[in-house]
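Below are two complexes that have subunit A in common, paired first with subunit B and then with subunit C.
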Partner chain A sequence: MQEFIYQFKKNRVAVAGAVVIAFMVLLAIIGPAIAPYSPYAFVGPAMQPPSPQFWMGTDDLGRDVLSRFIYGTRISMIVGFLAAATSVILGITLGAVSGYFGGLVDQVLMRTAELFQVLPQFFLALVLVALFGSSYVIIILVIGLLSWPSVARLARSEFLTLRERDYVLSVKALGLGVGRVIFFEILPNAAPALIVAATLQFSLAILLEASLSFIGLGDASYPSWGQMLNGAQQVFRRAWWVAFFPGLGVFLTVAAFNVVGDGLNDMQNPRLRKL
Partner chain B sequence: MGAFFGNPLLVFAVKRVLSAIPLVLLIIVVCFFLIQLAPGDPVAVLLGESNPTDAQIAELTARLGLDQPMHVQLWNYLTSVLRGDLGYSYVANGPVLDLIMQRVPATLILMLPALLIFTAIGVGVGLLVATRPQSFTDNAISVVAVLGYSIPVFVLGQLLLIVFAYWLGWFPAQGMRNLRAPNSGFGAFLDLMVHLALPALVLGTRYLAVNARFARASMIEALGQDYVTSARAQGLSEWQVRGQALRTAILPVITMLGINFADILTGTVLIEIVFGWPGLGRLMYDAIFGRDYPLLMGLFVIAAIGTVFVNAITDIVYSIVDPRVRQN
Partner chain C sequence: MTAALDIRGLRTEIRTRAGTMQVIDDVSLRVDPGEAVALVGESGCGKSMTALSVMRLADPRTVRITGGQVLLDGKDLVPLSDDEMRDVRGRAISMVFQDPMTFLNPVLNIGTQIGNPLRRHLGLRGAALERRVLELLELVRITDPRQVARSFPHELSGGMRQRVLIAIALTCSPKLLIADEPTTALDVTIQAQVLDVLKTSLRELGTSLLLITHNMGIVAGMCDRVYVMYAGRIAEEATVDDVFAAPKHPYTQGLLGSVLRHDRPPASFTVMGGSVPNLIDPPAGCRFRPRCPHAMDICHTDPPLIPVGDNQGAACWLYRQ
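Right after this comes the complex of A and B.
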């Protein structure tokens, strides 16, 4: 662990990314306690530029952009986490089964994964959310169900190599059940690669939710950065701050997850690091 | 005919296109079941919030054949899509395929030039920094590339609009042409270019970043191969060596173009919404706003089939550059 932290610290860009993520998570947790106003209340004149009273200005309805930004952080983090968790759990389970058992199961699962990968993800998500309703539960499920194949293929390739290792063969010879071999013997050794994949899933999920909301398919019951950008589309000609801050939020968060993912990836391939 | 079957490239191309057909069928089947599974009965879903006449409702009900068994309905849907009939939009009052085809040229005008120019620049940058890995320039460009790749197109689009259109007034903010500009000739071309500049730049930033990252990694890998070392040992100049490595390095970049097509299309569509560009993205935005489900499904089918075929074409191009893949 100390070695891990030492190596990670050497990559200053990745450290900066981790700091941004920590900040966003903190903001998401304590948000309601520090938000100056309610995100729904009309608290001031419409389209006020940033000022000591409204740090990020007000939007076209006179709502406080900072308060909406803070609540939006919660949504991005929650949707990102749950959608990434869905796709990672699904991906690891299906990939593990595929790689461990091989044969017909593997064939069927991998062909399905390929089909999902060739379908244009954003357009399919859009159709699904438009048809089945744009609640956060549906948005999370759709993002999770559409993103598992890349995790599954990675998990499969890890399991394909690891299942032949001596330690796996020996615990199998000892009569350990299939579930225990997969989840307690092989999975921990496949974890480093899968953690990188999970980080990238997180950033993809945040981006996809923001895109859906931006295009007008967000869950209107709770403000998100994407919805703020969608609303800003009508007014940002006169009020740049309405678009700027939520845009910055999405950008920083997605970038932070990407650089942390890259950093972790480089650590696993020391050969690339030394190049 | 002998010459035809004797040409391995043609045989490969035909095989590759044929292998895409099951996928296309599967996409249409997926669409059919989506409409079936959606809450509410299919007629209500497809009519959306339009105000259809009784005749239109009767026509749609008859067309879907809801009293028929499921497999007959599926067969009817499949054959009509394959005939190019993507249904009728009751909101926009027109056949879906016509509505989509009207918008395709505008989307291609935005997409293709940006794709070609910025991919070339991105690959160039990636190849150059790959020759000096871990130098200051390389590290700086890697960081910029991650940022360029992470910024959502609609965020970058809005930022550039604020700065270059609203504050500085250098570029028009919305649309594809100025009504007062000349209709043809150089004036019209210039007008189009001025409107194209910002959205194309936004779209291009992403390709530039993606390709720079990818070409760099690919070139570093190629430069580490044994044949490069042996070329160096034979006394070839550094530029000749890089030329050799380039042939290997460029292959994955071609594949990436195919794999990224869906991503590129998504980017284009989102940018069109920011810039009011009258292409497929704008059409999609209107379809969502008007709950125009036949049009949305049609856009999905076209995007999916387009992706499948672009992948096929990339594979064929790849096989021209690297004939070994044809033997497989």
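Right after this comes the complex of A and C.
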């Protein structure tokens, strides 16, 4: 672990990304305690520019943008996390089974994964959300179900090589069951690559949720960054701050997850490692 | 007395694109309770394949057992289902492998790995599990068991790792331990220590040993009886004393002639010509015939295992009555 931190610290960009993520997570957790106003209340004149009273200004209905931003962080992070978790769990399970058993199981699962990959993700998400309604549960499931194939393919390729390792033979010689071999013996060895994939899934999920909300298919009951951007469309030319801050939130978070993912990836490549 | 392991007429084949290889061809061997038996031969003669067939661990997509019985304590393992076989592995038979580095999982600590068969077969959990893990580490004479249980494989030396593998294999006090070249990857002094540990722990648990090796020195030090294997068949069976004093099969003679020994002048060191035949298209009759200095016409038919003396037998026409 110390070795890990030492190696990670050498990559300045990735450290900056990790700081941003830590900040956003912290904001999501303690947000309601520090938000100056309720995100739903009309607390001032409409479309006030940023001022000491309203740090990020107010929107077209006179709500505090900062408070909405803080609550939005919470929603975006939760949706991102749950959607990424859905796709990672699904992807790892199916990919591991596919790679470990091979044969017909592998064929069926991988053809299914390819089918999902060739469908245009965003439009499929649009259709599904339009059909089943736009609650956060549906959005999380749709994002998770649409993005598992890339994780599954990665997990499969890892398992294809790892299943041939000697220690797998030696635990089989101890009579361990298939599930135990896959998830307790092989999976930890595949973890480094899968963690990188998981961070990228997280940022993709946040981006996809923001996109859906931006075009008005989000869950309107709670403000997310995408929702705020959607509301800002009407007033963008007169009140830039209404769109700027939630956009910045999406940009920083997605970029942070990407650079952290890249940093973790580079750490695993000994040739890119500096001493 | 029921043998710990009694292999009768075992046949195993590997299907490849080039054809089917009969890698184990009518092999019979017996290991009595508490006995240590060696299976020796050149690389590629089917020793490891015999072990994998007994454990039923060979890749089922290419390897198939086509005949014979593998009686473990009187019970045939060949017809068992995969689930039943998993209950046998690690509990009644277990295996120690060649390379202690690659046969331990690099990302799990030693305690977890020793705990695997304990959880699986004995259902131990928590403090009882931990206690048993430490006992096993002590059994293989690891001096600081607590420390070692928390370590990862890369933090241990080769000798320590091999002792850990032995501890893992012995967790459930199996009837039979199959050791596949357990010391090949270790240097000579460590070899001696590891073998000593193996020998005493086997005696303590009353476990029989099937030792697969090509090192005749280890055979002399560890085993009671020897089977010499050549090209998928048993060439000779004998007690350790007989095999060194009076090897009967020309292959055994050649094998022992190519071992450097302190009690013989280096000039007597001989090299056997040729190599193990291609098993897709093996020579008819005795498979050693192309390399044998005594080859005769009759060698074109398969030789049976002919008894020579009390406890010795050779599959060679030289000894026909």
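In this text, the second predicted complex is superposed on the first by the 271 of 275 C-alpha atoms of A that agree within 3 Å, B and C clash if a C-alpha of one lies under 4 Å from a C-alpha of the other, contacts with A are read in each partner's own complex, and residues count from 1 in each chain.
Operating definition for what follows: a contact is a pair of C-beta atoms (placed from the backbone, for glycine too) under 8 Å apart; a residue touches a chain by one contact, two chains touch by 3 or more.
Every value quoted in this text rests on a predicted model; they were computed, and no experiment measured them.
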Clash-or-fit label for the pair subunit B, subunit C on subunit A: fit
Superposed model, subunit A: greater residue contact from subunit B or subunit C: B
Touched partner set for A:L104, first subunit B, second subunit C, both or neither: neither
Which of subunit B and subunit C A:A130 touches, first, second, both or neither: first
Partner chain in contact with A:S211 - subunit B first, subunit C second, else both or neither: first
Partner chain(s) touched by A:G175 [first = subunit B, second = subunit C, both, neither]: second
Gap in Å between nearest CA atoms once subunit C and subunit B share a frame through chain A: 20
Residues on subunit A engaged by subunit B in the complex (per definition of touch): 13, 115, 118-124, 126-128, 130-133, 203, 207, 210-211, 214-217, 229, 232-233, 236-237, 240, 243-244, 247-248, 250-251, 254-255, 258-259, 262, 272, 275
Residues of subunit A defined as touching subunit C within the complex: 165-167, 169-177, 180, 185, 188-189, 191
In the complex with subunit A, residue positions of subunit B that touch it: 23, 26-27, 30, 34-35, 37-39, 45, 133-134, 143, 146-147, 149-152, 154-155, 158-159, 161-162, 166, 173, 220, 224, 262, 265-266, 269-270, 273-274, 284-285, 288-289, 291, 293, 296-297, 299-300, 303-304, 307-308, 311
Subunit C - residues contacting subunit A, complex: 55, 57, 85-91, 94-95, 97, 99, 102-108, 116-117, 120-121, 165, 168
